[in-house]
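Below, subunit A partners subunit B and then partners subunit C, in two separate complexes.
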Partner chain A sequence: MAISVFSNRRATALLVMPALAIYTAVMLVPIVWSAIYSFMDGGLIGGFTFTGFDNYTQFFTDPQARSALRFTAIYAVAMTIGQVALGYLLSLLYLFHLRRSSTIVRTLVFFPVVLPTVAVALLFQRVFGLAPVEGPVNALIQTLGGTGIDWLGGTASAVGVLFVMDLWRSMGFYAVLLYAGLMDIPEEMIEAARLDGATGSKLVRHVVLPMLLPVLVSALVFSINGTMKVFDSIIALTGGGPAGSTTPLTLYMFQTAFGFGEYGYGSTIAMVLTLLSLIVTWFILRSTRRHLTAS
Partner chain B sequence: MTSTIQAPAPRQLATNRATRRPKNRRSRFLRRLPLNIVVALLLVIVCYPLVWLVLGSFKTQDEFLSSPFWALPSTPDLSNYTEAFAKANLGTYLINSVLTVIPALIIGLALGTAAAFALEVLVWKGRGPTLGIFLVGITVPAQIILLPLFTMYFQLHLLGTLWPLIITYTAVTLPLNVFMIATFFKAAPRGMFEAAAIDGASTLRMFWSVGVPMVRNGIFTVGLVQFFFLWNDLLFALTFTNNPRLRTVQVGLLSFNGQYGSIDYGPLFAAIVVSISATLLLYLFMNQRVMRGLAAGSMKG
Partner chain C sequence: MVSRFITRKGIAGLSLVISGLLAISACAGGGSQGAGGNGDGKFSGLTLTATTDVINTLNSLSTGDCQAQNTSAPLTLDAAPQDQYDQRLQLLLSQNGLPSTFLSPGTPDLGRKFIDADALVNVSQVLNDAGLKDAVLPAASSLVQQYYGSNDLYALPVQLNIEGIWYNKQIFAQHGIAVPTTWDQFLAAVDKFQAAGVQPIAQNGANPGWGITRWLGAYIFRALGPDAMRKVADGNAKLTDPQYVAAADQIAKLGAEGVFGKAVASADYNQTVNTFLTGRAAMMYMGSWITENIEDPKQNKVGAANIGFMRFPAVTGGAGAIDQMPANAGQPLMFAKSAFGDTSREWLKCIAQNYGDTAFEKSGLLTGMQMREKHDLSPLQRVVVDQVEGSPSTVLWFEALFSSQATTISTQNAGQLANGSMSGTDFMASVQAALGK
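Let's turn to the complex of A and B:
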């Protein structure tokens, strides 16, 4: 009798089907649909014609697409390194310096993580503002004798502000993630290493880092997956500018599809982004798994 | 772990503690000073922009232009807030956000819990593939579903209503809901279900009266995490709200910034404060749960 309760077909269908149906209609079907769109030319109004691989060849010769691809790659790699490295340093600070009193610092530094990106971006526009109102950063520079900078007016400085803002938004998250990983290292392990004479950087490099590796890998995968899909912070902070220099693939896809109504080419950009993130995730997981089993 | 790292052998030290205490304390202070400065700097960097934001929401335009940035507002008046609500339609945007996020959150949690129960507790063919199918949704970028969804909603004549957002939000919460709640069911004692089965409970009754109460806490945590995702969403809200009347808070804030923000600082700051107040309140009361939930959610990904 008990067995039949656990393998009741009708009840199972009743429990799974609603979720699966909505999920299929809103996510699975559109993924396949986008793949089909990517081989077509046209839009909602003019209709579609099949064009084979034309969109893909166009993608690799389109200078804007190349610059978007380059920006996505640079942003994702630099940001992932920055987020995980900063989070790791913070987690070490929490554990070895602040110790018991770290809860309040942890909680405060985590707070920006839950803030709406739009709100943060608009705030940072003002924090780095020059005219009509000088933000705190430029005011500080002038107090120290420098001249104010139009941060969002130049490419390099705009990218700088973007990095600072996104690190500000996310460092608390990675710190908590890696801190939880550090807490899971058995204390006898560190104790034993200390008795063997390991201190400071040696302790971190030979004991803490290897033990933390699985969590570090999860953080890396999560970070690269998120940073490759960056959209909100860029559209709200720079709008992709100046002159398209901070436009990643996500934003380029959005502009192509909804600005110019090119559904086919827009879908191609989305497909390239999707394949890219799947490949990168698979690659990291595979290479680190080999590393984990080796050590 | 922290206590063992710190604890010196107390009895040995006790003998010379009286004589060495002042010197010890000073050297300990000096040793900790550099990192304490780092911590102080960290807190300033994290908190100061927010302090500046809140203070700025009470400042007049004159104060922004002529007083230094660290100056406090001269009078704590709410005119920026009333202006933000009047000019930026903040009230409408807040209602739209609530009307889309809350239904999607509740439906998504209900459906996700049911599916998670079936996938983790029940025994049937196709469990593995079904879990795999839900996993796809966590890895792909949202851009891949935008255009087909837009076409679908257009052909169903749903654009111009809030339904596209409610439907999309419900669906995008499902993968994480299923995965996180499934882990809670996994952690629940299996014996409880077996006892219920022996007592003659039907499958659905076992789900509702035994399963759901055991993971209630977990469902709440997942709901909290998803609330932040949906409330802060910009991409879907931007795509599916072609009518200003339908804007959510995030889209409304962005367009308000385009219209007035570059000139009028005060009302924009007030609007930003309003837009973050929901998250701030939730975080104030449930920060530890939020931190745990978000960290756990990312490890599933």
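Let's turn to the complex of A and C:
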């Protein structure tokens, strides 16, 4: 019987230490530091003073924070559903409809994933533009007899454009991820189900979906955590506007800490976001684990 | 077994690592103390990446009029982008590592904190001691004093811009409209343009939509007087007071009528300038920095001779006057006390004496510093100089005395005010809430 290296504590410690030291330095120390700052007020110039839970109280009474929290929640839920659902439909399309010829479609759908966010945002600004040059969307609306819309100038329409852009940008990734999961389902199992009379939606619901569940859960966890921490696409497309309608917690945290110099309150927002991410991930993992055991 | 190992010895090891790291970082903080030195044979500077005029002028001075100073304390310049600039300055101040000279923080509010922290050299004292009291133009000097609410100068105004409405003379002539001097005449002109299908105003309303709030600020100064925004800053008035809301309603009304164009909330600065300089709008509010674009035939398709400047019209019965010129001194040049010694003093004196001439010769820019030589001015520069000389006093802009938080809210919501989707009441309430924090 082979002796595991883990039976030697000293060797384990030696092997783990360098990685642990780096992890501690780049992950744990900043988190602990941030947690400490969240109980303080002040800035770099005047110094910091301990204020207890004041920042947390402020967070829950601050209308801007509430609006950022609401936007983050709506964005995260809607985008996660959108990304994973579209990715799932695409992956089914690849496997059952396009089959071997799916390579070119997969490449095309995946392409926006590798494009720089800023380039995609500029593209969408042009596509949805109204003045000085009408973008294709407004040109189409006007051809159909409507009047052009200042998409990025309206609060609701800007959110809409952001959703469309981020879905377009990310669905290829989830499609490939879920496609890999689908490929892992043994061909014989699907054949057997088909022989038993399962077709179309029945096959997907009773065979494909349960077999795909572990990958689907990973996709959900990826997606919800990614969307809760969305930053770059919003900065590039709307800058958080108009009138703060697309400002998520991350951007508000960034503005507060680095724009307004309120490091304490900024850290509080960061801690709230961290806790939210932890809770949501834990919740998803827990509920699906129960589901997995049950099935 | 693994988990038991982690629970006992692991935690001890982890805490050892953390305490080690804390010790290292503590040393790092201490090590940077006094990086600026104290006139120690080096004259360091920090500017914005975008202010090439300041960089060029300081470099030219170091090889020109200030060569002697540069020999005893060579100039080393560094530059940072605007979005990281304030943070970097605060960090440097907290580490006692400010460079010898630097452009002021982006908001006067933060600059005041530097003064309160006793981090800055009192420039007027140094200039007075050296008999150089007249080195700064009075208009510019008054602007810097308004910035920081102090009678002493804590910065050299190396930039000076007057602001007002630039208009397309051709479009005005075509529609038989004279330059308006009152708000009512202005509104009549706007109506006439709209009836003729001409976009009256091109303005940047996309976040940060300061172009729109400039209209609001200028209107407030005309209607409520030059100290209207100071009263708000000092807490003696609120933006939600009826007279301030009425001013915002004026802009909201223009917005609802589509005066700023159909996509003002997504129009950025370049787009605005382009719309105006290609003759697709009759007016644009902008500072005198725009003369550079106006004089560039590649950008200006209507010709420099066809662009005129008008003062922001007076509001009949208002407490302000048309000759109170909205102006700004950009981000003036400060000097750090912690790095101030004999060589820095010599540098300051030399910059004060020669900056105006050098900036004009090298970049064609008019600054807030007195010029000692006579220069040939272009027609547009002549306009600017005449306006400066013909204005007995200056006023700032809407956000000038705000915290960076209120500035962000104001410029973020401006687009909605300008396209009519936010009322004056709501706009002012949102900014006042940010001011109250």
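In this section, the second predicted complex is superposed on the first by the 272 of 295 C-alpha atoms of A that agree within 3 Å, B and C clash if a C-alpha of one lies under 4 Å from a C-alpha of the other, contacts with A are read in each partner's own complex, and residues count from 1 in each chain.
We adopt the following convention: a contact is a pair of C-beta atoms (placed from the backbone, for glycine too) under 8 Å apart; a residue touches a chain by one contact, two chains touch by 3 or more.
Fair warning: this is a prediction, and the values are worked out from it, not measured in the lab.
Participant: Which partner chains sit in contact with A:P18 here, subunit B, subunit C, both or neither? Use first/second/both/neither.
Facilitator: In the superposition, A:P18 contacts subunit B only.
Participant: With the two complexes superposed on chain A, say which partner A:G153 touches: subunit B (first), subunit C (second), both, or neither.
Facilitator: A:G153 sits against subunit C, while subunit B stays out of touch.
Participant: Have a look at where A:F6 lands relative to subunit B and subunit C in the superposition and call it first, second, both or neither.
Facilitator: both
Participant: For A:L28, select first, second, both or neither according to whether it touches subunit B, subunit C, the two together, or no partner.
Facilitator: both
Participant: Touching A:A85, do we find subunit B (first), subunit C (second), both, or neither?
Facilitator: neither
Participant: Is A:I74 contacted by the first partner subunit B, the second partner subunit C, both or neither?
Facilitator: A:I74 contacts neither subunit B nor subunit C.
Participant: Which chain makes contact with more of the residues of subunit A, subunit B or else subunit C?
Facilitator: Looking at subunit B versus subunit C, the one contacting more residues of subunit A is B.
Participant: Thinking of the overlay built on chain A, is A:A192 touched by subunit B (first), by subunit C (second), by both, or by neither?
Facilitator: A:A192: touches no partner chain.
Participant: Going by the contact rule set out at the top, does A:F124 touch subunit B (first), subunit C (second), both, or neither?
Facilitator: first
Participant: Considering only the touch criterion stated at the top, classify A:S277 as touching first (subunit B), second (subunit C), both, or neither.
Facilitator: It touches subunit B, and subunit C stays clear.
Participant: For subunit A, give the residues common to its interface with subunit B and its interface with subunit C.
Facilitator: After superposing on chain A, subunit A residues 6-7, 9, 12, 20, 25, 28-29, 44, 125, 132, 258 contact both subunit B and subunit C.
Participant: Could you pull out which subunit C residues touch subunit A in their complex?
Facilitator: The contact residues of subunit C facing subunit A are 1-2, 5, 9, 13-14, 17-18, 21-22, 25, 84, 86-87, 90-91, 93-94, 110, 113-114, 117, 205-208, 261-267, 271, 274-275, 280, 403-405, 408-409, 412-413, 415-416, 419, 421-422, 430, 433-434.
Participant: So in the complex, which bits of subunit A are touching subunit B?
Facilitator: 1-2, 5-9, 11-12, 14-16, 18-20, 22-23, 25-31, 33-34, 37, 44, 90, 93, 95-100, 105-119, 122-127, 132-136, 139, 168, 172-173, 176-177, 180, 183, 185, 187, 190-191, 194, 218-219, 221-222, 225, 228-229, 231-232, 235-236, 249-250, 253-254, 257-258, 263, 266-267, 269-271, 273-274, 277-278, 281
Participant: Residues of subunit B touching subunit A in their complex?
Facilitator: For this pair, the touching residues of subunit B are 1-2, 4-6, 32, 35, 38-39, 42-43, 45-50, 52-53, 56, 64-65, 68-70, 111-112, 114-115, 117-119, 121-124, 130, 133-134, 136-137, 139-152, 154, 167-168, 170-172, 174-175, 178, 193-194, 197-198, 200-204, 206-207, 228, 231-232, 234-235, 238-239, 249-250, 253-254, 257, 261-263, 265, 268-269, 272, 275-276, 279, 282-283, 287-288, 290-291, 294-295, 298-299, 301.
Participant: Show me the residue ranges of subunit A that touch subunit C in the complex, using the header's touch definition.
Facilitator: 6-7, 9, 12-13, 17, 20-21, 24-25, 28-29, 32, 43-46, 63-64, 125, 129-132, 148, 150-155, 238-244, 255, 258-261
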